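Order as written gives the chain letters A, B and C; numbering starts at 1 within each chain.
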Amino acid sequence: MDEPEVNDGLISDSKEAQLKNLLYLKDLHKDEIIQLLDQSDHFLKSNQPDEFVELLKNQSIASLFFEPSTRTSASFQLAAKRLGAETIMIDEKTSSATKGESVLDTIKNLEAMGVRGFIIRTGDKNLFAPLIDNVGSNTSLISAGEASISHPTQGLLDLLTIRQQKSSFDHLKVVIMGDISHSRVARSLTEGLNILNAANITLISPEEFKPNMANFPNTDFEKDPNKGLSDADVVVALRVQKERIESCENGLSLDQYSKIYQLSQDKLELCKPDAIVMHPGPMNRGVEISNEVADGKQSVILKQVENGVAIRMAVLTEILKQ
Amino acid sequence: MDEPEVNDGLISDSKEAQLKNLLYLKDLHKDEIIQLLDQSDHFLKSNQPDEFVELLKNQSIASLFFEPSTRTSASFQLAAKRLGAETIMIDEKTSSATKGESVLDTIKNLEAMGVRGFIIRTGDKNLFAPLIDNVGSNTSLISAGEASISHPTQGLLDLLTIRQQKSSFDHLKVVIMGDISHSRVARSLTEGLNILNAANITLISPEEFKPNMANFPNTDFEKDPNKGLSDADVVVALRVQKERIESCENGLSLDQYSKIYQLSQDKLELCKPDAIVMHPGPMNRGVEISNEVADGKQSVILKQVENGVAIRMAVLTEILKQ
Amino acid sequence: MDEPEVNDGLISDSKEAQLKNLLYLKDLHKDEIIQLLDQSDHFLKSNQPDEFVELLKNQSIASLFFEPSTRTSASFQLAAKRLGAETIMIDEKTSSATKGESVLDTIKNLEAMGVRGFIIRTGDKNLFAPLIDNVGSNTSLISAGEASISHPTQGLLDLLTIRQQKSSFDHLKVVIMGDISHSRVARSLTEGLNILNAANITLISPEEFKPNMANFPNTDFEKDPNKGLSDADVVVALRVQKERIESCENGLSLDQYSKIYQLSQDKLELCKPDAIVMHPGPMNRGVEISNEVADGKQSVILKQVENGVAIRMAVLTEILKQ
């Protein structure tokens, strides 16, 4: 990892143009990512939260979650409130979607009401492209998760957590294990790690969950955890949906999956002694991760959650500050 | 239109008694409507939104939506927040309605908790009458849409939008086209236009959607858009529910309906060259309005939405100020 | 009733350790209950609500309601807002519960986001015990209703209402009538009355709804309202679920139940002339209580609701102040 630039604790003006949207980490420059991580660290370390409430005062943000979510939604809500922004929650079930209004029309309407930032979570991989082309020049879209394609704030909070624990990305081996092919978390983290020049990224999964490797540049794929985990500095266990395991063509059972791919204490010992354990949550305890490891000394899973609020505060500030 | 009274930018004391409820525009005096429009313009033009947050500080408002709504709900929420009021959202699905509690008891309880303003949207045309008679003397009811009877804040924002675009109501021809019989929007707008002495109001719809004309005094009815649209200054296209078209007795098809009653560029050219296009939203694009017209130069549809927040701020301030 | 300690209007430092959780009134000392009632009275009498907004500024509270609720949820929300706390509403339907995450993991995650107070309503009598043992040392759990076991803030607001109306608990006869066996309200109120040394607590219900008397120490049970109501100073009518009556083994009908156990004007006259009528709401008017009594001069039902916000403000302040 390059030395992070010194940040004096102020929201410094970026030398680049201000970030307009946040959809894919791969669209960010290295400097932009480091600036967001620095700003997040500043929020975490400050003991003057009263000041933050002025940062987005009088700003209106809408939260459009087309997929259920507790933690990401709560994290964004808390981030927005701590910055003094007002948040409108648009809930699929009560929205005009039931009247056939398009998401673009919903956004256009909220724009007209003075909403500038839209936090959107969707299972539809074709939602964002037409939106980007049609929203106003002063409107920002922030992905809170997009199909199996992208989850940029999760990627950023993962990078922040790694940076806090490890002195450098330069020699770092990061292992991501589980259902890679459906994981927007794996994809965004990989994008971010590549930008920060992580030394080695290894993906571990059964053949069924092997992704299109074109979406995971500069990574190694390995079916065998015993090989892949060796010398890892960071292990990210991914949530796996039980239904997906059981619908695998060759009839992989949940038991078999857990036996081979669960991050247990045994497997953790294949990694470096100071390896850290991460998980994007929510966890299927006893499936992709054991209780012992989830709650163990090497786990930084709740630290990730804490960092999540700070990252979202940094993202909202960077995008919506005026 | 009479000359609007000069408004010095302050919330002036009304000469009349303070407005207690807002259910039907026909209950308002001309002066009261003009005062609300003036106050809305003031909110729109002010560059000191920080001051508004003091207007309803420490006031509690409850939002009871018994019909789904994105835009009206969001518009009221943003209006309340910008005035500094706290808003409680009561959602039919999670409310004590599931325990058989009456809406009146819900209101009585919220009154006891210190809530003074109730924003209510309902499909039940018999809801408001018993409420009005039984709520406390200090309690205000604000309709956010009532069955096919009334939608007063929509009517007000329509009037504001027209006033901003046209110099006078005196010689104005306003055309409302679509499913008039089920439209609370058409009814409230007609009530307001009559109070402001609009010169001509023409309703256009197929025979099936012709309303009880007693509810639309001083209006002309016309089945043929080619006749009715002629010389119009304002055209309001109304949302039509596909199910309602398809259930028409004489078997009007959606295709036939759109062909005859869709506000297309061709039909818009029957109006005056500077006619404005309005729609209460959400739009069924390609049914009652074409994309070309909805997004065209003559459309003020998003301006209506912007005005909606200001109108609701004016209504809440007028009713709840102390 | 002992003389309440003089309270000078400030949030005084408790001599005891600060209250960490509020799950069961029986766990409180008499002094703690009196302190909460005094603080509530202070909130009710103050004409400087602007000051309260500083009490929990920058505090984050999560509201987890696993049972539907209008009034308790609204009451807690308003209490939190008036203290300046930010509240996150976690709704079962949209939460990660749909992804199999445990409530403990949800809480752990929200803790990591900086949430210190959790307001939880649940129908599951086994939820709280494991939570208490596993949440952080700085985390507080506040019951907003637990199965048929406990509803401590309802108990407190009932005590406050009684104290406001009656000069002393020492000679007080309190009657609770209705479906006692399923009533968390009856249980918490009984716990509180016992701590405050109420002279007599009488439970009235049909045999089918007689509770396990071990959960109701120092109470008398009586099937016949004509006997039990005699000389009562306070009557609490409990909500009864129609389904429960109709599923009674001996085939008690709703009509029969209402005839015998409805608090009607006739029955109210069996009590002392200055008896007060209470009900936790929502009411089944015409079942457990008549309209005449619910809305009559002796009813303090809406006063209970008003007191509810003050009690919840006192509880949140006492538990979350720093």
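Everything that follows uses one rule, which is that a residue touches a chain if its C-beta (ideal position, glycine included) is under 8 Å from a C-beta of that chain, and two chains touch if they have at least 3 such contacts.
These figures come from a predicted structure and were not determined experimentally.
S.K.: Quick one: which chains contact chain B and chain C both?
M.R.: Correct list: A.
S.K.: I want to confirm something about chain A and chain B. Since they are copies of the same sequence, is their interface symmetric in residue numbering (over half shared, so same) or not (under half, so different)?
M.R.: Mostly different residues: under half of the interface numbers shared.
S.K.: Let me have the rounded angstrom distance from the C-alpha centre of chain A over to the C-alpha centre of chain B, please.
M.R.: A distance of 41 Å separates the two centres.
S.K.: So which bits of chain C are touching at least two other chains?
M.R.: Correct list: 93.
S.K.: Okay, in this complex, where on chain B does chain C touch?
M.R.: Touching chain C from chain B are residues 57-58, 60, 62, 86, 88, 90, 93-102, 105-106, 108-115.
S.K.: Could you please specify the touching residues of chain A with respect to chain C in the complex?
M.R.: 49-50, 65, 68-71, 73-75, 77-78, 81-82, 91, 93, 239, 281-285, 302-303, 305-306, 308-309
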